[in-house]
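Have a look at the structure below, then the notes.
Letters A, B, C and D name the chains as they come in the text, with residue numbers starting at 1 for each one.
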């Protein structure tokens, strides 16, 4: 019943506001013996980090993570931390808060933001940088996801942008190697899209505007059998996890919304016995999940991120006193928050899979 | 950590297989004093019932629900049940099981179904009618949803088909009154679409094929302030609930995937003070949810249902022994399972809203 | 967050009132492949059944349990049910309700009962037979416990009365075989105590009074390693489970309250290597649990049951209207509810151990 | 399903080891608007602090708590923190770790400790200072309890020692004012017991031994109606909470184990209408809880703490290699850990009551 926890056996509880002294999380349920390095956590965090290109917020946060509990150093390699099975506390200091940027919005309800809903719900609100609803919280998801990836042997979870604004990539050009290229600030797998996105987003910024994006996450080497029918479907938990990311408005698995227009004869992924004697699917319309349970095929999830709501163009709104106003949101905002959502989406998928891996083991004793 | 429970303070736990003696559910957390009649539950169930037109399964199930606990009869109107605050047990007898129809699929893995994933997970499988993964389970969701609707004062939750296969409705024709018309077997709000869908689905059936659908659910009179940032977003729970329905492959809130292509200036729903002195939104791109919290605007959710996987056209597959086979799924199946998903989707949205209403009350003491 | 569920991975959710049509439960999380017979469930229920001697309530309930879901019949022995991993629904019809016995207490607050607390909490109350707080609910615990016993290989859970009123057994006479003897209506392990208890309780009944009891439960063959430090201690969950039984006012593990008076040198259970090369404890002051984790030694728990509150002797109280009254509780009540608490206590301990067995497996991948 | 969380709507998740850099907790579910000062948290922590007398461990820990999230400063009194409804992260640096004291027990299983059970469960173990099972974790409970006390208006929770070793206090001398007297290192409410305990414990220490204790916690001004029948009984949650404290072996409510020997006529707390027109109980054998629901009478709970297991007297045991050894536990240990358990027990009772206060509000809309 937690409002700040994701997962059931692999539980990530986050805390912290954008402009407080620090943010952090507690990972409860990491199995004893899981090994990881601080470098591995930091590498994932660096992928999400603000300030890495002109297309993301210019807030300067080193996002250096520290591990405060739940691990022992490996006796032979002190860089390696071994989970003890007790809670792993992670923490990141906030460095570049600049709360003065936010002074004028203390009483304003920014359109597209949760300001009004917050005030109705809580009666008071930490307006600085969006408080708890700031995307800074997602840094902890990324760090937790780095540990989650270690739990399922062989698991590989990768994400990519497939659309920014109204510009979609050409899937025929898909190359995972492109995604992490240092000259690619967009996590796009289509090298040809890089200059298109650059030109497009420069114009968006000049227009004092913003756009949304669609991200695709692919998880490979997911064992068949994870999940359950009904309310513990692995795709249901992935949907909840992705929808819990700031600004996400839609989630789909496999062919998703497009499957509505398919016929049953097209949609059913036929099965054969592969050359290695193991079952293979001849297609993956299902996105690796049938009846809520992983099939062993790659899990494919997509999610849509709405345009950044903080824009320099004035919008009509009201304030706490019920006065009609115009709002301009200053500050250092991403023209497309969807870009930095790529590693976050990966993390949520990794956490959901790790959680179901442990649940499956508990329920059935298998794996 | 339940695999068969939806909700946190309004908790619905379902049980039962398609071909067992009965199905049922326990509703834990219905507040004391909530009043409802058996007729109200039955009316919702009748909307989902099989056999109501040639476009849904011909299985004959009266789906008569009984209430076994958790209520007292009203002293002045014995039709009215008053919840006591203890668990409400609902039950429906299975009548028309015909398990002989399923004999030949005991060892076959039907493409598009969870048969293979089930066997890997559990090591054994109740193949009769899909066992636990049968859509019969959803009858209990609909019954529970009828009670959930009573918890939030004034709440109205309605659903409609917006697309069947590749045929979308014309939203300009939207008329809620059409949806429940007795000559409308599709829950479509567009009267003009009825003959189109009839012709289309008759052809699909003759082709021994099936199609998917897209459903839209709209919840009105949802108080502002329900939900929470992050992992208890009301839209995250709605997404999980809708994705937990059989065959659902995608979920979106408000503009959903289309919002990726919007600009921030378009997407931000501007606010004004209405003639009644209360805040109003001038648009509802957000679908009634910002930052995971309801805004008071109608909550709008859509979900995509894949084509029925049980089709009479042979598909290639394998069996438990690893033999390559062809599968034809006999039995009485819906050419478009998405049609009957309309009341189910409504129920999941109603349950999620009722749950968050109680959570909000517990956390903040408001409402 | 359920009010009617016990357990986390082995989850038992009960429903039903004393005077409704039936009581039941859903067991969510029984691993697939667990085998049991209806006879095994019924045997446990018969041990708890009312009407079995003059020292328990004369209400006549056959307590015949039926299994409505979650199992397949074994192909070679149709008496054997095999859990499929989906929810197991159990149900017992109420037969001998006689609600007329309770008519005069609809507005009275019986001392020692929850009547007043209920009315304050819920604003309305099913007074018939105690409604939800009736001990009839415990029948479902006993049935669920019969399944829980099957989950941990080799597990044996036995209970015995060690005190009725102010009459304690002589532990030197402890003989488990005596407990289930047909001439022993008390679950006492001390044959010499049988006539003492008979004389004593006959007097109590003639006095229109009642007494309490203390029950001891011993679980053998519990694997070492179940539980966790802090909030998931296996003894913490056993304490919660036993305290959740009607009328229980105290719980202790191992030496319990007596350990306060021990010295550290006495209390520490010393360890040696046994003749089989495995660790052995030379004493069991700890009752099989250290730091919240099972040690492999038998788990020993005791709980105290207060005297039956329903007595024929008038007591002073008030009613719903705030009038001062005298209350006499007619009906068919146990002179010592503690007697029938023996199989219930066993069931709660078995459920807690089964739950931790599955949790341990999920968290660590061991066993 | 968390192993490190207490509570359901008021959720306290702790982390940290005795000899790591820090310990901390996240409080999820503190309602917005709750006001507290750092001083109030620190005052509670100081009551539990090590090193305060020669009868507790001489480890020197200032236990200075900091608040890292979830609060806003009050505009008129900057010492006052106002909860925002988001997670409150608390943290305490570990200062005096001295891990060299523990080097020789890395491979030894100390009798009375969880060392053996830990190794079986986790396969590896942070032996330094007991790792996660160190009583240092309880500092976070005390800090969280200080906030919990603020949630229920008027709530007062106080604890006292009622027995150390075989020396019980004289309840006729009970004076709450004595408990917090600066010359009373025992939290005893009986001034006459102070010199008795001093002499007794000095001898225990000279004997290189330890003893247990019994603590009583009394909660006043608890509203009637908190809790629920069955698995969410408030006494069941209090029992679980107290049993989750290190070294606790027994828990009782009201008359507890003594109620077994009472007659129903004695045990039933009779009710009258008080001079203020409100219901009063003429006795409190029930300890403020009937049927799992608070009655409005003070909640009275007692718990037994076993003798400190770390003693300087050699005990027989085994090591990780299966060798039989003798163990002497050096280090700075409390001769009676029960003394410092007093504020911890108060905190657990306060947290359980606050949690049920919020649950009650969510379920019934009352208070």
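One rule holds in what follows: a contact is a pair of C-beta atoms (placed from the backbone, for glycine too) under 8 Å apart; a residue touches a chain by one contact, two chains touch by 3 or more.
Everything quoted here is computed from the prediction, not taken from an experiment.
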Over half of interface residue numbers shared between chain A and chain C means same, under half means different, so which is it? same
Counting C-beta pairs in contact, which chain pair has more, B-D or A-D? A-D
What is the chain whose Cα centre is as far as it gets from that of chain B? D
Just curious, how far off is chain D from chain A if you go by their C-alpha centres, in Å? 38
Counting in whole Å, what is the centre-to-centre distance of chain B and chain D, each centre being its mean C-alpha position? 46
Going by the touch rule set out above, which residues of chain A reach two or more other chains? 1-5, 8-9, 14, 29, 32, 85-86, 121-123, 132, 229, 359, 363-364
Contact residues on chain B for chain A in the complex? 1-6, 8-9, 14, 109-114, 116-118, 120-123, 132-133, 137, 163-166, 204, 207, 209-214, 224-233, 235-237, 239-241, 243-244, 246, 249-273, 277, 279, 282, 285-287, 289-296, 304-311, 313, 315-318, 322-324, 338, 359-360, 363-364, 366
Considering only the defined contacts, which chain A positions touch chain D in the complex? 1-5, 8-9, 11, 13-17, 20-24, 26, 28-29, 32-33, 68-70, 72, 82, 84-89, 121-126, 131-132
In their shared complex, at which residues does chain C touch chain A? 1, 9, 29, 31-32, 85-86, 229, 358-359, 361-365, 367
